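Should a chain be cited, it is by its letter among A, B, C, D, E and F, assigned in written order, with residues numbered from 1 in that chain.
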Amino acid sequence: DFLQALQEVKPAFGAATSTLEMCRLYGMLDCGLRHRRILETGLALVEQVKSSERTPLLSCLIEGPSGSGKTALAATIALDSDFPFIKVVSAESMVGLSESSKCGIIAKIFEDAYRSPLNIIILDDIERILEFVHIGPRFSNLILQTLLVLVKRVPPKGRKLLVIGTTSMREILDNMDLVSAFNVSLHVPTLDHEDMRRVLVSLNVFAPEDVDAALGVLEEKMPIKKLLMLVEMAAQGGEGAEAVYGGKERINLQRFVDCYNDLAS
Amino acid sequence: DFLQALQEVKPAFGAATSTLEMCRLYGMLDCGLRHRRILETGLALVEQVKSSERTPLLSCLIEGPSGSGKTALAATIALDSDFPFIKVVSAESMVGLSESSKCGIIAKIFEDAYRSPLNIIILDDIERILEFVHIGPRFSNLILQTLLVLVKRVPPKGRKLLVIGTTSMREILDNMDLVSAFNVSLHVPTLDHEDMRRVLVSLNVFAPEDVDAALGVLEEKMPIKKLLMLVEMAAQGGEGAEAVYGGKERINLQRFVDCYNDLAS
Amino acid sequence: DFLQALQEVKPAFGAATSTLEMCRLYGMLDCGLRHRRILETGLALVEQVKSSERTPLLSCLIEGPSGSGKTALAATIALDSDFPFIKVVSAESMVGLSESSKCGIIAKIFEDAYRSPLNIIILDDIERILEFVHIGPRFSNLILQTLLVLVKRVPPKGRKLLVIGTTSMREILDNMDLVSAFNVSLHVPTLDHEDMRRVLVSLNVFAPEDVDAALGVLEEKMPIKKLLMLVEMAAQGGEGAEAVYGGKERINLQRFVDCYNDLAS
Amino acid sequence: DFLQALQEVKPAFGAATSTLEMCRLYGMLDCGLRHRRILETGLALVEQVKSSERTPLLSCLIEGPSGSGKTALAATIALDSDFPFIKVVSAESMVGLSESSKCGIIAKIFEDAYRSPLNIIILDDIERILEFVHIGPRFSNLILQTLLVLVKRVPPKGRKLLVIGTTSMREILDNMDLVSAFNVSLHVPTLDHEDMRRVLVSLNVFAPEDVDAALGVLEEKMPIKKLLMLVEMAAQGGEGAEAVYGGKERINLQRFVDCYNDLAS
Amino acid sequence: DFLQALQEVKPAFGAATSTLEMCRLYGMLDCGLRHRRILETGLALVEQVKSSERTPLLSCLIEGPSGSGKTALAATIALDSDFPFIKVVSAESMVGLSESSKCGIIAKIFEDAYRSPLNIIILDDIERILEFVHIGPRFSNLILQTLLVLVKRVPPKGRKLLVIGTTSMREILDNMDLVSAFNVSLHVPTLDHEDMRRVLVSLNVFAPEDVDAALGVLEEKMPIKKLLMLVEMAAQGGEGAEAVYGGKERINLQRFVDCYNDLAS
Amino acid sequence: DFLQALQEVKPAFGAATSTLEMCRLYGMLDCGLRHRRILETGLALVEQVKSSERTPLLSCLIEGPSGSGKTALAATIALDSDFPFIKVVSAESMVGLSESSKCGIIAKIFEDAYRSPLNIIILDDIERILEFVHIGPRFSNLILQTLLVLVKRVPPKGRKLLVIGTTSMREILDNMDLVSAFNVSLHVPTLDHEDMRRVLVSLNVFAPEDVDAALGVLEEKMPIKKLLMLVEMAAQGGEGAEAVYGGKERINLQRFVDCYNDLAS
């Protein structure tokens, strides 16, 4: 049955995909000022938690459209802190579990944190942790109530905790009173053409004279993740993607357009 | 009870009907350019998953009206790849199971894939896997959340995975944020009269002078599966279908019309 | 408790009322062309399943208002085939069982069929199998999903299966995508006055001069089952129904009208 | 816990209040033609079930406003038949049981009937058996589906069954397709002033000159049960009700009016 | 867990707060004619149950706004009867129990009553017993159905039962068909200024010249319980409430107004 | 599983964060008259419970916007009483428990109180205890019904109990009939600019000439908790918060504005 199926699955839990480095498959490119400021604010909060007596608990919500780079930013803040206890709560590591099992896992992670002096907990893709779906709408109130309480629960004397949440559904979390449960809220934008040009140029995958044409095809605003996937798809064919990234070959414009049309969203 | 009933049923699980060949009962006929391009794009994704370092996971949604050929196309892409691990997740092999058992089975298939280097997983008829029904609407949020996560979960280092989904309810999957969970989305059309003529002529079941009359009876657009079922029904009677397909006999026009009227949709 | 209560009840399961002959308590009278054509089409499908290689599975929905003769027609098609495996799935034989037990029983019947060469499965009164009720509406999605899959699941190589469904709620089944899961859909009409006259005359229960007066009382359209029940009720009294059917006595018109007014629907 | 509580309660099950005589606490008075005709029709159905070959099953719904006399009428028909097996299904004897236990009990009563040649089953207050409440509305679909099937299930060869249902919510049962599951439907009216006068006169509890005044106070239509309760309340005081019924004393008009105002509905 | 928690709690069940005297913490003051008539009618029903043969069961609903004195009135009727078996069904004594446990307890109390000759059962605050809340609305249909049946179930031969219900949500109980399940319905009003003056004067807590001023502050209508609480709060301070009630001190008007503004409803 | 996870968690239950002192991390500053009067009224209720015979139970709801100081006020009242039994019921100490476990814990706390002469129970953040969420809306009716009863249940003879509830959703609690279950209701306001100035001046974290500029940036009304968090964040950087509070450094106005913009609500 299911439990048996899960046990065989277990070894993968919390491993592989949930490590912080996996969150930055394409590395961190320069996407402009607004992305940079999020990293700065995040690191300021890291500092405050460490040094302030009156705020042993701080919480920060990183929100923005799908693929805008939220998870990569949260991971980067955590990696750049020197905190010994860093944990990611994500739906990926709780596939198929019951609501109450998920609550148990989440509560356990917070309890563990209360035993270590300096802690960061990332709640990645909160709408997914909440099992949210627009139709209904439906979600796990059990998990929601758990998060509402844990995000505000002050750790015991001498323990410090920074909670970083990510979501692409700010408005919904707001309706759940979950946004105001965080102290700070930071918005991650999609890229505008100026930002995209910077990324494309730095990747050096187009012939210089093609960059404008390529941009001309694309929508006004685009999330960084989608742009990088598109480049990757278009770089296939010919001598292969490595030839393109290695500078030996350039992306064919027509192929770029075709790939763009096949993208799901 | 039910569990006992299931155990007797088990031997048939994953057998017979769920093999890829069974998905193409009528073979693959030439239905025009648009069907062909889907196969090409599918095979390009097969290539990219195999060769690209940055996209160990790719996902592709094949969507179109009921009977348009989605499952046959997905099966063909999988059969034409040379990937050693190919699995079909379909409601057919999970009849009567509880939501959580289904989640367990699905999660297990993905976990198995993470242990093999090159993998294809077909999620056939996603609305059926989700137990979706318009009235309500109702569906299994447990299974939906499982799919939302698994379709985006990057396999561990060195493993490659192509996920192919099929659905005839794109809009509903979109409301569930499931379409944008796929990287690529491909539309399978119904046949227009030009496409149908090509199919009917190549089947050679009508007297040449009857083809136009036959087409004249039919609606503007028709899915390939319905057209082939109609031909099969109309070929009955007389000396039998084999006589018709063998070229010894032709389909009677009046019988063709009668059968057309009895079709359920 | 309930399970114990059920065990005592078990011996009656699948017995008595669920035999095909019991579905035709009043025999099969001539109700006009439209009823006849349904029997013909049904038998043509029986032939096609038997002989065609490409359609090892065919399915046919017999739909029409309450009491129009659907079950009797399905039973007659099955009885007139020479198929060795004929099973009826009906709510009658699953009274009080849980949704999942019902699914188990239904799945078991299909699995059994996959082991026999020629099979007919009748899904009688699908709305009742689905536990449908307008208020809500409510129904068993578990059973619905089971039917949606089983009606389309192709039996293994060498096995043939004809599925015959009956329902008096076509529109609702359509909203559930269940109508289009069937290959063929046949409508059973209520009787008009011409049809009723034929039935009444052939029963010979009225004085010839009373037939028109009797018809004059009745609504425009009436299902065969209601008409036969009305005749039976009106034939009571006096020397008894046998005297009337035996031709010794005639139905009294006033009593006919009184009985008509008491009918529930 | 609850089960233990129930066990202590058990001895009262099916006893005392559920016997047929208890349904006629005030006896059967003459309330006019319409009540009488219901008894006649009921007894005609008793005859038909006994003698007809084609209708081994008949069912009859007695419906009318609260307190109109439905249960007393059903009990009287059953008592006046000479059938050996008479069972009452009522919510009273299933207080606090789960839906599935209730279904088990109901199914058991029908199964028992299938073993006896001549049977009457009274389904008293069907809305209560169904646990119906307007708010929502809510009801037990499990029990509803059980009734929908059992009321139409033909008993095995040689067994005869008359099902009598009562309800004060005809419209709701109609929305549940339960009215048309019965063969016959009979309406029990409230009393008009003519009927009430007959009852009051025959009870002889008012001074002859007070009858008109008493009627003048009352609403246009009133159910028999409410009228009899009102008389009983008004007869209290003074020398006591026995003095009134015994003819020694008369009901005081002012007290009659006061009691009338206190009645709950 | 919960069950263990409950066991420790048990000793308090049915004790302390649920005794009838506890329902009249402020005693019974004269609040005017309308309150008095309720006591009289209640005692008349006590008499009728005892003496009448035809009404072994009587039921009476005492309904009115929150704090109007319903529970105290019901308790007084019961205390003034000489019935040996008096039981209170109230949510207080069933805190935290499951719906079915509550049904079990309620059914048990009625079954116990059926073994004693003369019985009174008080169903206090029926909306609370039903776990009713306006949002939804939600309530326990299991408990509702139990009450609907028990309030109408006639006790066995020789047993007499008076059921007294109280509620501040008459309309809602009416929508549940629960009001008409009672024979008699009595309305408890809030006090008007005339009634309040009588209460204040008889309590003698204001300087005579302050009574009018005090009344002038208050709303038009006020329930007795709220008025008495207000007096009690205002009597605090200074030498203490006992000094006020004892006539040594008077309530300060300004303090009276302040307290009035703090009252929750 | 979850239960095991909980057991490891247990040591933290009721400890650390739930102590009353933890509720006042920033101490109690002077925020103006309205906050002060709440403390006075609270202490008057403490007195009344202790001395009055007629009100062994009093209850008081402290309600106001998020962060307005409700919990700190409730804690202060409790700390300033000399009652031996003070318990806090809060969602924090019941994370992830089932509804019925929570009810058990709550009921247990009240039962314990009934054994001690003088008791205060704080129900902190009632909407959170009720697991309330606007979407739906959803909440635990089981817990609601428990509170509705416990808040009104009079303790046994000789026991005194003051119940203090806090909530930022007065209207919702009112719809649940929970506000009127309390005797007294006190509103905690947000601070206006006058109040804020007093707080900022007394904290002495701005250069005197900057206070007006700082106020000019802020919204009209602000809860005390948000203001204190903002000051704390802005005090970071430079020589550190201690330098600012210690008077060695002043808050930089620009940094103050930046922090203000990052605040989540």
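We adopt the following convention: a contact is a pair of C-beta atoms (placed from the backbone, for glycine too) under 8 Å apart; a residue touches a chain by one contact, two chains touch by 3 or more.
Because the structure is predicted, anything quoted here is derived from the model rather than measured.
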Contact distance in steps, from chain C to chain E: 2
Chain at maximum distance from chain F, centres defined as averaged CA atoms: C
Chain A onto chain B, rotation angle from CA fit, given as a multiple of 5 degrees: 60
Interface numbering overlap (same over half, different under half) for chain B and chain C: different
Whole-Å separation of chain centres (CA-atom averages), chain A against chain F: 33
Approximate Å spacing (C-alpha centroids) for the pair chain C, chain F: 66
Whole-Å gap separating chain B and chain D, where each centre is the average of the chain's CA atoms: 57
Residues of chain D engaged with two or more neighbouring chains: 98
Interfacial residue positions of chain F with respect to chain E in the complex: 41, 44, 47-48, 51-55, 61, 98, 100-101, 103-108, 111, 114, 137, 139, 141-142, 144-146, 148-150, 153-157, 172, 175-177, 179-186
For the chain A and chain B complex, residues of the former touching the latter: 1-6, 8-9, 12, 15-17, 22, 25-26, 66, 91-92, 95-96, 98, 128, 131, 133-136, 138, 228-229, 232-233, 236-237, 240-242, 262-265
